[in-house]
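You will see chain A twice below: alongside chain B first, and alongside chain C after that.
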Partner chain A sequence: MDFSNTFFWTFAYDFIRGPMVWIAFIVFFGGTIFQIFSLLSLTKKQTISKLTPGPGRFIPKRADGEDKKDWVMWLKLSIAGVNPFMTIVSTTFHVLLIIMPIFVLGHNILLDNSFGLSIISLPEGVSDFLTIIVILCAAIFLYRRLFVDRVRAITTWSDYLFLFLAAAPFVTGFFAYHQVFENYRLIISLHILSGELMLMAVPFTKFVHMIYLVIFRFTIVSEYSLGRGNRTW
Partner chain B sequence: MKTIKQIGLVFICVIFATGLYAFSEDIDLGGENTRGSVMFPHEFHMGEFDCMECHHDMQDGENVLDEYDLEEDNPNILCGACHNPKEKIERMEAFHDQCVGCHNEYKMTSDPTGPTMCGECHILKK
Partner chain C sequence: MFGKKSTTGVNTKEVKAILNEKKTKMELSLKACAHCTLCAESCFLFMGRNKDPKYMPSYKFLNSVGILYKKKGNVDILDLGEMRDLVWERCVLCTRCYCPVGVDIPEMIALARRVCRSQGVYPQYERE
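Moving on, here comes the complex of A and B:
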């Protein structure tokens, strides 16, 4: 039986690249708005007389007695100073994970064809390279979860699941672009499906840190808050 | 029998004299540098559609193309003759709109339809 011609398969293919895209975006944006409001409703405004900076915002004085801030020491004490490699890997992964898909040529051509929305795209070779970087970063995360004792100790099965879910759109996208497998339809469907699942998972699973990071850092007082947090638990 | 042959001959003469014969090869529509070239099965489409459903010269929303201009060696009937980078709808966009657009329209019917995702047309050479 030719798998690519069965009724179920053609239906699934059309559903995944049609209505499912809308469902995914509605769940993602609806869920995001819901989460923003639910976090804000859990906190309340506070009046700040004097904000004491947390450890992350504390800048030590120079040891040689001069009354100057020691930025080198500050960097060394920060997470980036303690673990620079993982800081670079993690930051690269997170930035590319969000920014890169927006500027992939294939995505933008589909957007343009559907809505006449034409945005700037990365050259194909650059997207390809950045995709490999994202996959490598994910591989480093996986390696740590598997082989670094102190990371493995706090790893549960769901951590693997979400790492897989985050990396899947990039791996399948890479395979689809290079047409590694004979059945292109299957790979491109898996690519779209994994992207949709990831989007839908954002507001309701641990991926919610994508939304919470922004509001938490900017509105709620903590050791890592950016700017004046004027809300508290 | 003789008359049928004569009518047939006349038809053949008319068709070949006006150049209205089937261009039956797959046409290489090209593709951007890194994507594979699109091999367009022209003959396959000729069986199902009227020439003027695809070939067009739009002026004020109307297709004013003369069907008799559709000769194989006429450079003006090539898509890129009008759809060049200076035009509002350049070549790549024209192909994407026309090919994928039509394939998507046929998704809504019970008729079979053509590919709609990038790599189904842009097939990389192995």
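Moving on, here comes the complex of A and C:
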């Protein structure tokens, strides 16, 4: 039976390529805005008091330079220093996860056709290579989940599900590009569908760490904050 | 009937009230935790116990507040007893743990302590 001939499949195919794309983007942006407000409501502004030297409030500088930040020690103790391998894998995975969809040629041809919007794209060979890298990183995550004791100790079934969901658009995209399976339409539908599901999952599932990280690490003042936040829990 | 049987000895209403105060933060922190274990090395107890996963900051908060959340506060005294060992014996609330995502692990562990304490479950050092 030809997959595209039945009424249901034709409908599903058109739906996934059409309205569903819009729904996914609306859910993603709407959900993200909702979560940003929800997260910010957990925090409040605070004024930061600064100690200024003055009569009776003199902060001496140590002559031996002991109070200088020890950058070597700082790096050694950071996650990059303690876990360099996972830092590289994770950073690569996340950077590609976010930039790849924007700069893949196939996506940009669609954008151009629909809106006349044309932006720079990665050469096909490069995106092909980067896709393999993403899949490799996901495989390393999977290996850790399965075989590393400390990761297993806190792994739940949903971790596998979301790892799978994050990798699915890349795996199916790779298959579609290389036409590994005969039924191109099925693979490309799965590719689009998994991308949409992933987008919609960002504000409401484990992927919410993207929003959580940006809000809290940058706005809350703490020893580890990344920005010059002026808020507190 | 079931609920009653499995929560004897615990005033679940009180537990729920405490959890409710921190509901959004608890919910989002549990969700945002990527279960990546990168916080492990930042805890000196984990390092000092031969890197036993049971001492990872995330293990401690997921198995205390995580359970309170999952059971919606309907925990029994045995659950709280296990939590007691987790949040007192294996954590000193030194707040040195570091999570790249920004999960406030010490506050979560403190919340679990508060729930335990409200039900009379805490270490009694003078007797132990």
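As a working rule, the second predicted complex is superposed on the first by the 211 of 233 C-alpha atoms of A that agree within 3 Å, B and C clash if a C-alpha of one lies under 4 Å from a C-alpha of the other, contacts with A are read in each partner's own complex, and residues count from 1 in each chain.
Criterion: a contact is a pair of C-beta atoms (placed from the backbone, for glycine too) under 8 Å apart; a residue touches a chain by one contact, two chains touch by 3 or more.
Quick caveat: nothing in here was measured; it's all calculated off a predicted structure.
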- Message: Under the superposition described at the top, does placing chain B and chain C together on chain A give a clash or a fit?
- Response: fit
- Query: So, does A:Ser41 touch the first partner chain B, the second partner chain C, both, or neither?
  - Reply: second
- Message: Once the two complexes are aligned on chain A, which partner has more residues of chain A within touching range, chain B or chain C?
- Response: C
- Partner chain(s) touched by A:Glu124 [first = chain B, second = chain C, both, neither]: first
- Query: Touching A:Gly116 in the superposition: chain B (first), chain C (second), both, neither?
  - Reply: neither
- Task: May I ask you to decide whether A:Ile188 touches chain B, chain C, both, or neither, giving the answer as first, second, both or neither?
- Result: first
- Message: With both complexes overlaid on chain A, does A:Met86 touch chain B (first), chain C (second), both or neither?
- Response: second
- Quick one: classify A:Trp233 as touching chain B (first), chain C (second), both or neither. second
- Which value, in Å, gives the least CA distance between chain B and chain C in the superposed three-chain arrangement? 35
- Task: Across the two complexes, find the residues of chain A that touch chain B and also touch chain C.
- Result: none
- Where on chain A does chain B make contact in their complex? 14, 17, 106, 109, 112-113, 124-125, 128, 176-179, 184-185, 188
- Task: State the interface residues of chain A toward chain C in the complex, per the touch definition above.
- Result: 35, 38-39, 41-42, 79, 82-83, 86, 90, 148-156, 159, 205-206, 208-209, 212-213, 215-217, 220, 224, 233
- Message: Could you list, by residue number, the parts of chain B that touch chain A in their complex?
- Response: 32-36, 93, 96-97, 100-101, 107, 116-120, 123-124
- Interfacial residue positions of chain C with respect to chain A in the complex: 24-25, 28-29, 31-38, 40-41, 51, 53-54, 56, 58-59, 62, 98, 100-104, 107
